[in-house]
Amino acid sequence: MPDHFAVPEPDEAVKLALRRVRETTAVGGGSDMEGLEFNEVVVNMGPQHPSTHGVLRLVVTLDGELVKDVIPVIGYLHRCKEKLAEKRTYYQYIPIVDRTEYLASMNCEWGYVMTVEKLMGIRPTRRAEFIRVIVGELMRIASHQVAVGTFVADLSPLGTAMVFYMFRDRELILDLLEEVSGARMMFNYLRFGGVRYDLPAGWVDKCRELMKRMPKLIDEYEALVDDNAIFLQRTQGKGVITQQDIVDYGITGPNARASGVPLDLRRTRPYSVYPELDFEVCTAAHGDVFDRYRVRMDEMRESVKIVEQCLDMLPRGRVQLGSLRAPYVITPPPGSCYVGQENPRGEYGTYIVSDGSRYPYRLKFRDPCFCNLQLFPKLLSGNKIADAVAISGSIDLVLGGIDR
Amino acid sequence: MTLEIGTVDLTMDEIAGRLAAAFPVELSAVSVQEPDTVVAHLERTRLKDVARRLKELPQLAYETLNWIAGVDLGAQLESVYHVYSWRTNTYLELHVTVPRAKAELDTVTDVWPAADWHEREAWDMMGIRYLGHPDLRRILLKDDFVGHPLRKDYVDLAENHPHA
Amino acid sequence: MSDMVPDRLKIGYPKLEKFQNPNVITTTADFVFSWARSNSVFPFTYGLACCAIEMLSSGFARFDVARYGMEVFRPTPRQCDLMIVAGTLNEKMAPVLKRLYDQMAEPKWVVSMGACATSGGPFYDGYNVVNGVDKVVPVDVYIPGCPPRPEALFQGLLELQGKIRQHSFAPVLPGAPEDAGS
Amino acid sequence: MTSEYLTNWLYVWAFIVSGAALVVLILLFSKVINPQHLTPEKLSHYECGIPPVGSPWAPFAVRYYVFALLFLVFDVEAVFLFPWTLVFRTLGAAGFVEMVLFVLVLAWGLLYAWRKGALEWA
């Protein structure tokens, strides 16, 4: 076995892992393989790995099948978005915000646009608020479909059938969003004070018809997997997030609600027209992998209800403050502010410091997955690898947001 | 303990008044930013014990750290702490300024464990060193990246682009 | 499709000939193998960013990349011969891309999907972004779009199939024009 | 008489030789049409694109051996089942009962391994 290649220097994370392994073996820890330099194996579940759903790298310390320690390494998709904010005007920056969390780009735009509106002290027109809620909730369903689909696809053979169902229905939603904004994934649709286009003719009926079908489709997903023995055995009781973790690490979104904490910014920090809509915050009790799946499925149903209510209450009127040819260079007054918004993965918001010029002075993203990912060492250690894959899939990470 | 949100309902001015009373010396320029944030400047050397006492305030316990942002104010660097109080369901934004030459601050990871990665990111991007941090490495950039890119005076060096 | 292929790779002789006896067909080994290769390309799941989601949804029911024989997405570089770089490449990921490209088995091709992989896209002036994958690995087909629709990805893949059909496995003798140090 | 006996053995040898020849041919064939371009990076083992940590020939947990053993037993059982299905009609009831006994014995072995906890990891 040719063993003499010049293997380049391991990087910091691997050195840290090897140092920890030496400490445990020095004190006699590790497994029962005596007389070996390392009792545990350090391996990279690297940036290119089918189960990490993106370019996340986990330096995993293994004792046979058991995961002893995990060191997440991120930055493989760092695209300098916060530095680019200083070179783009406020309008030019909207497409970049789309690409932070690329599975829910409409909600990301909403987070950014709300912060700038608060900075400028303007409020969008009422019709635009309703359109934003409709489009945002449609995006939430599509994002949950991808998240739950790829997570279940890793677990059981039935999961691959489920991911096919989910992507088939996601295409229906993307058709609707494409008719509204012209793009399938990167919409660039929201503006400061409203939305760029009004809903096309006949769109409301099409959307209402799809929302009528949606609950049946969601029942189809659940019928596939809910009573599947493999799926239940692999998800129940695994990777429990306690309420202390939520307080310590700032976990938000479905991962927090699955542990029984009713933290949903649409209710705890009402924005836009959510106070007028009635929907419940879906929570579950145990906070294990199955409950996170359960909360996401319930949230899809809630989003359907929200969209239907908004379609009924859709008022008439203009969709953008001022003329459609809005001034494309805005200069908000100096100052700084932060607005958090309920993204499918948690609290997503931008903190903008403006110095009165047309470029943001400093822009910081508060990304839910960045905070949720901090829990991995605590969550994955002590499980078998197969469970670690299930747990990391259920946390639902999007690396575009984590690496910014 | 099941977490409730917003059990204590105080108006923003009461919260600001209470905070100003609790930390007369350390906090300055306490102001209210509608609808839910108290903004305050914090003296650099008192960061650690203010953080600890903030977490234990009887009714205003700021138990969760939302995020830390490093901001370059030209002459000084600023580390903005954004903490959340579950009981009053409000935010507190602490601005801590640090001289540009000696950009060092005490770590708050022992008070809010969430600060671990946020401080590493502020170190990586802005170059604010957090003393006592368990594992202060670069988080987003390569280990051998030179400089801190989000500083206004960051010059794009060729050695940061081996694959230019 | 075939005008895009450089002349040196063009196979000039007739592909299929029929002799008087109707049951005998002659062709060349090049044609048969490259035809078989072009219709059963195994792509490498190398999704980086948003384009990866479009690549993913092109593999499912509505767009169905299986029509072109490419639906078997392999996660390991050993078992695949087409690397679709879908997303933004940054400095930290470039050595990983180079190592994965080296570990792929010959003959291998690279498709650069999306504006980010082709030239850095909307993040071209980022301090950490590599402006284009061709600075790291030789690219065969570039696909514009941000993200390109699955149909645009398929057009790129069809262009690639045309290029694969021109591939010849005759040994390149050192010093011959084709042996440009490849 | 002996020649007829020999010809029977001839079939067995023909079967073995053609099997081996097939394997060798396929391997040789792929060597011919594939361009070989062996570089050190290509031969280094794959670890998700990161320089590999340690050598792949490092020792690993002994429990994997138990799983490998169990797999081997039931794989061989499957090998015996396939020819049986071909001649299933001609054997009649006796053949069927024979095979059921065979499967039961192995199932008993699996049950024993299961109870002894060989299938559990820790």
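Labels A, B, C and D are assigned to the chains in the order they are written; within every chain, residues are numbered from 1.
Definition applied: a residue touches a chain if its C-beta (ideal position, glycine included) is under 8 Å from a C-beta of that chain, and two chains touch if they have at least 3 such contacts.
From a predicted model like this one, the values you see are computed outputs, not experimental measurements.
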Taking each chain's C-alpha mean as its centre, the one farthest from subunit C: B
Of A-D and A-B, whichever chain pair has more C-beta contact pairs: A-B
Cα-centroid distance, subunit A relative to subunit D, in whole angstrom: 44
Whole-Å separation of chain centres (CA-atom averages), subunit A against subunit B: 23
Centroid distance [mean C-alpha coordinates] between subunit D and subunit C, Å: 35
Centroid distance [mean C-alpha coordinates] between subunit C and subunit B, Å: 47
Numbers and ranges of subunit D residues touching at least 2 other chains: 44, 48-51
Contacts with two or more other chains, residues of subunit A listed in rising order: 11, 46-49, 75, 78, 80, 83
Shared-contact residues (touching 2 or more other chains) in subunit B: 141-142, 149, 154
Topology of the chain contact graph, where touching chains are joined (line, ring, star, complete, other): other
Chain-chain contacts as defined at top: A-B, A-C, A-D, B-C, C-D
Of all residues in subunit D, those that touch subunit C in their complex: 33-37, 39, 41-42, 44, 46, 48-51
Touch list for subunit C against partner subunit A, complex: 45-50, 52-54, 56-57, 60-62, 75, 87-88, 90, 92-93, 96, 100, 122-123, 125-129, 146-147, 149
Subunit D partner contacts - residues on subunit C that touch it in the complex: 29, 33, 76-78, 96-97, 99-100, 102-103, 105-107, 169, 171
Subunit A contact footprint on subunit D (complex, rising order): 40, 43-44, 47-64, 121-122
Residues on subunit B engaged by subunit C in the complex (per definition of touch): 141-142, 145, 149, 154, 156, 160-164
